[in-house]
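Two complexes follow with subunit A in common, the first pairing it with subunit B and the second with subunit C.
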Partner chain A sequence: MALIQPIKTPPLTTFTVPFVAALAGFFGLFVGIANGSGILGLLVGAVVGAVLAYALVSFVPDKRTGTLISLAIFAVVGLLLAGLSGLVGGAIIGFILGWFTYWLHSGKYRMGVPIYSTPREVLWHNSYKFICGLIFFFLIAPIITVMPLSFNAENFFTFTPGMLALDPEAYSLKHYRDFFGNPDWQQALRNSVQIAPAATLLSVTLGTLAAIGLSQPHVPFRRAIMAILISPMIVPLIISAAGMYFFYSRIGLQGTYVGVVLAHAALGIPFVIITVTATLVGFDDSLTRAAANMGANPVTTFFKVQMPLILPGVISGGLFAFITSFDEVVVVLFVGSAGQKTLPWQMFTGLREQISPTILAVATILVGISILLLTTVELLRRRSERLRGMSPG
Partner chain B sequence: MKLKSLMLMTGAAVAAAPMAFAQDMADSMTLVSWGGAYQNSQVKAYADPYKEMHPEVEIVWDESSNEAVAKLRAMNEAGNITWDLVDVVASDAIRLCDEGLAMEYDPDELLAEAPDGTSASDDFGDLIVSDCFIPQIVYSTTFGYRTDMVPEGVEPPSEICDVFDLETYPGKRALEKRPINNMEWALLCDGVAKEDVYDVLETEEGQAQALAKLDTIKDEVIWWSAGADTPQLLADGEVFMGSTYNGRLFSVIEEQDQPVAMMWDAQVFDLDGWIIPAGLPEDRLARVMDFVKFATDTQRLADQAKYISYGPARESSAPLVSTHADLGIEMAPHMPTDPNNATNTFLYNYEWWADYRDDLDAKFQAWLAQ
Partner chain C sequence: MTDATSGPDVNSGPTPDNALREADAAEKKGPMLAADGTPLKKSLMRALRREKLRALMLIAPLLIFVLVTFIAPIADMLFRSVENEIVAETLPRTVVALEDWDYASGEAPDEDVFAAFYVDMVEAEEFKVHTRLGSRLNYETTGISSLFRKSGRGVGRMDTDEYTDAFIDLDPAWEDPAVWMELMAADTTSEILPETNSAWDSWLRILKENDDNVAEEEPEDFLYAMLYRDLTRNSDAVAAYDGPQAALLQAAAEATADIPEVSIKEQFLDIDDDWGDTEVWGTIKAFSPKYTSGYFLSSVDLKLTPDGVEQQPDNQKIYLLLFKRTMFMSLTIMVSCILLGYPVAYLLSNLPMRVSSLLMILVLLPFWTSLLVRTSAWKVLLQQQGVINDILVWVGLVADNNRLVMINNQFGTIVAMTHILLPFMILPLYSVMKTIPPSYVRAAKSLGATPWTAFWRVYFPQSVPGIGAGSILVFILAIGYYITPELVGGTTGTFISNRIAYHISSSLNWGLAAALGTILLVVVLLLYWVYDKIVGIDNVSLG
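Showing the complex of A and B:
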């Protein structure tokens, strides 16, 4: 393995130039479509890319200088053509094209594959990475788009010309102010903050007990019971919601906090059962027997021995239950009444009756909270793996 | 812990409610409306002054008027009516009344007289289109257009048929995703006289004629279903012209300052008002009746026009309409009923649509899918 292969420089005109031209054509296509003619954009982009790649490789051997030059050229052209936003867009495109040219020319594109790979394998490896990047972009773009729009100074979901020109006047925090100042939104926030923790507490308690019980080998009909407990996750939400509506109406729970909390707990329990059951798989039963041997009763054993070890599973199940309750709109529309209006409910009606960017401000805040919660889950999962010795420290 | 006990208490309070509030009037009310600027006008004009007079009353708003018919049916089936007063359009009120889900009432008993002593039934007049319907406002569905998208050297659109004229006015249009209004407009622009529209629309050929006329612009149409859609599309510059409720256009033009103008030609009048759900317990019914009497009196209906450009349903309110609460502009010229705006109006025929709605809905949806 120790042999260091000299990295061969690929041919300029038959390799680097066409590839850079293709990427530049791809960018040109988008710029062209935005300005009315995709084909023209594609052609101009390809030509510009080819010239750029040839010039950079031939005259600027240093990678960093070359990339900066490319960035500067595109930024200035962008600024002249489309103002401040053109500057930013141009700088990004220029940087990518410059980096791409040197990445190809220096032969670094072969880094990720074994030395004996055929050109076709190398191409596939890099296209695969590129496709993965596109899919990632496709998944994340709608969420990212929402964020700048929430700082819109207008009352519509529109990127105004002012926003595109990065004019500070076109941005404002007024939708965030509306969220924190408007009694409707504050009431909805209060309801959500009251309902979600209560539902989480309930589903964590019941779900953990159920998971522990169902992990005992001597319990009869384990699979059937498990299937029933998991069913709220599988049955379409609207069916559960309609069923709960009629059932809760009969017993006087419809339109009460208790009703909404119970309904959300039922939706959260499956998540807790699944995560806790998963952690129990790695749990060594001889530990409970050892505790019993030393005189601890089952309750003490549970809190002192079992609970600390399955805690990561319990917490991540709890977080899923919390997010379920916090994001849920269908069931609460049926089971709740206007007094229990939660954030998602308020967003739902807001979107339908009055398209106001306050919804985007709330969405941005919620995305932030979700990221925090999921990061916590991931950290806990790693800790649990480390404790169980499944991955190195 | 605190939260839990709080919730237990709430639960207990709800369970005990029928016993605890055995006196004349309930202390809380759930009002159902459309949300947005319209509901806001109701809060400012009716609910806030009412709360000032009766501070003990708690008013909860539910923005569910869109699905009011379906939800009232479900509530009736579950035997659990949680709404006290529901804002619906006239055609929904007629349906709810026919199904027995809305309460019939006597206008002269429930509603206040006009200040000059005219009885409520005379003051509201023909607008009480159903025995259950308590009218509030007259609104219209009409067109607005982007002033900056009018082609150069061309007069801005002013007639309903300009919507169908793609040559002079190229660009996207926003139309509501249902046959009502669209079919009538299409026939009007295909040479059918105003008074013959519903006679023609009754026949298969007439329906085909209307759809054929709509076919000429189908490729350029973006279909909307919520009242907020067209304002958003106009503000975006996504469409050149679009139909929506006149109050929404007023908000886009005057409050949001967008480059949009009204086109009042062939505006279609419609009514919106309250219904009281059938089968309310006595204490809640008493509270609602007290509120309705207050909220539909001459002054209150005139006050509502300070916040939104919909015409009050009482004849006696019209002279009292004043200026916009924040902008200070005269509201009368923005009312659909203003003589300058109402030079060419179209009367929406409730009874005809009640008979033909299901049939035409199906045809229209099939045409959309083609």
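Showing the complex of A and C:
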């Protein structure tokens, strides 16, 4: 739709200049407050913005060059006013102002709306996009912030002046070294790596069998069975943890490796059931019948015909079960003892007692793992849909 | 998005069930026979049964596994929330003796109750269970724990040894365990010497616990005390007794008139004056049944007292406040999730697939990231020396000595949990919005509706199921949260789950933890039932 719209240039002095001035005034307000006078900052910012917009539009028609010029001017001014951090801040402000000027001037701000929209609708549409941007920022910023902080050379949970000045001395790998060298963390990692796969294996094996059973056409009490199997996902973790703690200490499983594995397997089962039954919905039963017709026994049919087709579902269910166990704190906190201290448990105690930013290094590593898992699940989902012919791929 | 629908029943292929129906219809024209000569209907029935059995066999291992590892623990918790056997188990005689005592009389129980209590305490002290009972009753009335501890030390040093000396002075045969064994083995002694007999059973259990031989151990003071009580109270029956050791027993019965009585009640009052306090005895009596509603009453700020159900004193009313706070904060989190999630879901479902799947990563990455990573990120951001405060100070909005307190309070918990639960709102909203055809809104606009009217009257009502599904999901998850409130909640931002954890690991009041958990579970199951009505259990979608 955007292509057929004739892009028309809005009036310079009554549209572009005032808007850029307003945005620049907004930035100026903050700089002004930081330096003692907000009003002065606002006024200076507005004037600078107006001049900038006028100059750029009138003398520099090329968008990229203009943005770079604006960026350079503000970066230099920032450097002179406030040193290195001023350079970075100035460059950002300069870039935003430059980009904003050309965005307004070229008429691209009307791209997403129909040509007959009123100015108010255009304004609303763009504010809406801006708000959505802020929400996405809210979603992702906390996770992004953790990453650079994990390279902090100091034992602080915040950016040091050195880090802001991009001083290489202020960055170090010492928290990663601590993670890989500290016996507590290593023991926790080992426990996590021992517990999660065992729990996953257990829930995937039993879960897949049961999901196949549940997908048969005639299952008595199907709803009730489903409700029982899904229940570990519904019941709040603290209640599961309390119940398991009471019951497992009665039968002597509390504080043992087996106890934790059983508990985690129970928590992972709903995910396996849900993903595998979802895959089986699209499964064509005539395939197994055909295999049986040609003389294959049920076991061969399962491994040669059914399994390869539902494998993506099984694997992504397994990944869900794995991450459930790998991330789980509450249940292991109660069912386990010091000998089963897992990575999340170690993080939990670390956070509660504020020991060291090693937690941030661990967090960064875990974010890396979750990106890996996310990609795998997404690829598997696409493959599964392609196999079932639900999407062209 | 993978949706599990209850599809398998919609099976179009030839199944025994379908064939059976056809056979049923054909029945009227005379029985059809299968290849092996049996009626077709019968053989189809058999096939159907076999198929059902096979499905159940596949499900059975998992079902048993979940029943044992998950359902049984939950059932155990429900049981623990009412179970109260410890009083009746530790003080069996006292519980019976207390039945006749009336708390409203305002007087401490009489000698009989104290005598029963004496024997119970001697046995409990040997098995070291009186301290457990003390701490159990201490949840109800403070001070009982130390009272039981003190009395446990005291029961062995009571003046009841005067009886022992008196009986042995009378006839040294009383010192001989063999005489006691012979006497207690006789059939009629359980009737004429009931308390002694019951005390003897305790004595046998104590000796067995210590691996001692009955024939070698000298009987202890409490046996003589009970013998004295039985002899003075049942003198007629003793006179008529003609079993083994009758002469010895009758001689002792005659001599009891000369032995001065040692009041066991006084002995206990010497150990601690609190034994004269009706509150202590009222508590024991109120909690003597095997099942109690006491834990549930405690979890709604009520109290089971000898007088009946009462309000807790104002300074101990915390649970209703906590339940209200949990509800309030979960609602706030739910509303914030709707406000933040709706625009994003709308944007995602209306953008071209290529752009929206890129933006979807921004939603899915937090969803897949460890809960502790996100909580620690918020801790880093919200601290007084944290990133947000640093930026505010740097910009100049906040003075350096006046940094904002954004963590360890309700604000911190709400912000962090909104962030953590937001994907659970966006994903169901997105999957509902994806199915809303854009043509309705276009039609509304072409009929003259303003964009706002078109959205509010046409689009929004169609997206309400998504809001419902997301809201209930977020609410259910929020009211049971433990980790995040524990780490960023401080004292004002904690949930009921933090209290449950506290009772399990710190105060060890497991019954109360179980009762609080049961209430929470009922609320969640109720909400889940609503969720099932709106969305359906099978339509749970995962990233």
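Keep in mind that, in the parts below, the second predicted complex is superposed on the first by the 338 of 393 C-alpha atoms of A that agree within 3 Å, B and C clash if a C-alpha of one lies under 4 Å from a C-alpha of the other, contacts with A are read in each partner's own complex, and residues count from 1 in each chain.
By definition in this document, a contact is a pair of C-beta atoms (placed from the backbone, for glycine too) under 8 Å apart; a residue touches a chain by one contact, two chains touch by 3 or more.
Just so it is clear, the structure is predicted and the values come from calculations on it, not from any experiment.
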item	value
Subunit B versus subunit C as contact partner of A:Q194, first or second or both or neither	first
Broader residue contact with subunit A after superposition on the shared chain, subunit B or subunit C	C
Touched partner set for A:A338, first subunit B, second subunit C, both or neither	first
Which of subunit B and subunit C A:A153 touches, first, second, both or neither	neither
Touched partner set for A:G252, first subunit B, second subunit C, both or neither	first
Partner chain(s) touched by A:E353 [first = subunit B, second = subunit C, both, neither]	first
First (subunit B), second (subunit C), both or neither touched by A:V44	neither
Partner chain(s) touched by A:I96 [first = subunit B, second = subunit C, both, neither]	neither
Subunit B versus subunit C as contact partner of A:I234, first or second or both or neither	second
Partner chain in contact with A:L123 - subunit B first, subunit C second, else both or neither	neither
Contact residues of subunit A, present in both the subunit B and the subunit C interface	156-158, 245-246, 250, 352
Complex interface listing, subunit B residues touching subunit A	3-4, 7-8, 10-11, 14-15, 30, 32, 34-37, 39, 60-64, 66, 74-75, 77-80, 82, 226-229, 231-232, 235-236, 256
Touching residues on subunit C, where the partner in the complex is subunit A	2-9, 11, 13, 15-17, 48, 51-52, 54-59, 61-63, 65-67, 69-77, 80, 340, 343-344, 347, 359, 361-366, 368-381, 383, 385-387, 390, 394-397, 419, 422-423, 451, 476-477, 479-483, 486-487, 497, 500-501, 504-505, 510, 513-514, 517, 520-521, 524-525, 528, 537-538, 540, 542-543
Footprint of subunit C on subunit A - complex, ascending	30, 33-35, 121, 128-129, 131-132, 135-136, 138-140, 142-143, 145-146, 149, 156-159, 202, 206-207, 209-210, 212-220, 222-223, 225-248, 250, 262-263, 265-266, 269, 271, 274-275, 277-281, 285-286, 289, 313, 316, 320, 323, 326-327, 329-330, 334, 344, 347-348, 351-352, 359-360, 363, 366-367, 370-371, 373-374, 377, 381, 384
Subunit A - residues contacting subunit B, complex	154-158, 194, 197-198, 245-246, 249-250, 252, 254-258, 261, 337-339, 341, 349-350, 352-355
